[in-house]
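Chain nomenclature is as follows: A, B and C, assigned in order of appearance, with residue numbering initiated at 1 for each chain independently.
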């Protein structure tokens, strides 16, 4: 799993361990890091110190003394993204998805904040509002639990010091206690021992060894070309009928987009989410074009 | 029980007269003390009443008398122990003033503190129970499997039931947690309800303009 | 502590003749009661004096006062428990008058089932014996004191010997456990050996992948 240095360019950029992406993101978040260094030189924390993305976000927000409900999230987005660069070992990558979800939402908000606001309410804006509300709500909820956990800690510590009477029964009364209900066989007992000796960190089965089979966009494009040339028009639904693997459907869709880029086909969609109708439109088509098609997606 | 007969008769009459002689001298107090001395978990009023064979109301009043008595508000001196209601029942504790003395005597290492992650997870489960592991994980936005295992091993939470559809296990807190917190019921948790009811939806009006 | 002042003065006056200075910090009687409340075995005067940090003579006298006190010969009511000297040490016992009450209470409890925590601790002791409490605690990553007490009381484990260096008590399982499991000797316990050699480390390879 550990990427060798020459493989790194394909690593997912925001969490990539390689210098290239680190340098790239550095430039975008340079100001925030620089201002960190000036204003609070001590604030250098490894990401593993944060217990999840909300913890990190909350920390960044409170560092700027902003109210969650009022917060200008674009101000903390850069820092949040910058911290994601510390997500650089396999184990952390496993837990990175929630960080990425939050980062994506933050980026959306930042972009929306930068763009001029029109009166127009489109679906995207509504979705963005919803995403923001959801993030606020979850963050507030998280903060509430985090705050109340301090009460738990105080009570537990206080009570830890207390001593309760817990003394064995006198011999004469012990014999009167009801017979013990025992239902374990020796094998059950051994299974229990296994559990008892197990490390308290639950071993979990990694999914690293599961790789989706690779799908070639070029191959799929060849199929699309063949199908379309043989007929006048075809809906996308027909184009993928009978295909069960999502990966192939996606690849076939991407190949349609690529062919459109090359003006090899045209498409028509009368209403949002409506039927997508494809037509072969190439004046001159050479199969050699296929060879370079989808090169952007090559690994 | 036959030799207690006189006590059994003597007691109710005293109570009928409302208070005056309910004094800790009452044999009911002695019987309650006998039970309190041998229990190894808190005993509720009803169970205690059944054990000593007296009405719950009388037991409640006698318990109150004993609490005062041990605290030095009765006829005798203050005691080195006290009677506390914790985790749904009554139990004898070393008086707080003497905890350090006792700690020194029994030695032993302080129990390991819960991590911040465990505390937060515990809080979520306490307020949201019954709750599944994945629900907790989504509130905390991190995987909570190993933390839940720690809390289970410590007996602070327990598996309540499996969801009939998904089979996901629902967790809740235990009476042992109440004891460890030194409270008598979940009602004594600090209120944070406004934030919990519905997560996302309720916030629209309140938070976003 | 200020409101203890009267107690402080009240109790030691009897002792003042012999030991004028003992009652300086907190009432000796309270400190003794605190220790008495938590001990399992009778405690000798010398050990008790060391525990509460007072001269043996003063402790002896205070013990006598407490005996009288609990028996109703002091200022307060008679107690449901008494302080008795047994085998050279002092310990709180349920007053004999209430033995039948206690017997009924104990016998009337629901048939006991061991908790998961108790079963796991028992399993650790069974496979690791002889083993000390702190060793068990470190394997279980929790404090096991009360669970060990339960297992002892249930006769499932027993104290084998004290470590010659540390004095820590080593525990092992009893024949009663073998009977419950339906086996004749510990050799018949199903082997789980790979785990025992190196604890956590060996586990990863064995179980994961």
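To be clear about the criterion, contacts are C-beta pairs under 8 Å (C-beta built on N, C-alpha and C of every residue); 3 or more make two chains touch, one makes a residue touch a chain.
Remember, it's a predicted structure, so these values are computed and weren't measured experimentally.
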Identity of the chain that, by mean CA position, is farthest from subunit B: A
What is the identifier of the chain with the smallest separation between its Cα mean and the overall Cα mean? B
Can you work out the whole-Å distance between the CA centroids of subunit A and subunit B? 41
Could you please state the distance in Å, as a whole number, between where the Cα atoms of subunit A are centred and where those of subunit C are centred? 51
What whole-number Å value describes the gap between the mean CA coordinates of subunit B and subunit C? 21
For subunit C, jot down the residues that touch at least 2 other chains. 34, 37-38, 94, 102, 106, 120, 140-141, 146, 149
Hunt down the residues of subunit A that sit against at least two other chains at once, touch-wise. 163, 165-167, 169-170, 173, 200, 204
Interfacial residue positions of subunit A with respect to subunit C in the complex: 163, 165-170, 172-174, 176-182, 184-187, 189-190, 192-200, 203-206, 209
Inside the complex, what are the residues of subunit B that reach subunit C? 1, 3-4, 23-26, 29-38, 40, 51-52, 69, 72, 74-81, 92, 94-95, 97-98, 101-102, 104-106, 108-109, 111-112, 150, 153-155
Complex interface listing, subunit A residues touching subunit B: 51-54, 69, 95, 98, 102, 129, 132-134, 136-138, 140-142, 144-153, 155-167, 169-170, 173, 200-202, 204
Name, in rising order, each residue of subunit C that touches subunit A in their complex. 34, 37-40, 93-94, 99, 102-103, 106-107, 109-114, 119-121, 123-124, 126-127, 139-141, 146, 149, 152-154, 156, 180-183, 188-192, 195-196, 199-200, 203-204, 207-209
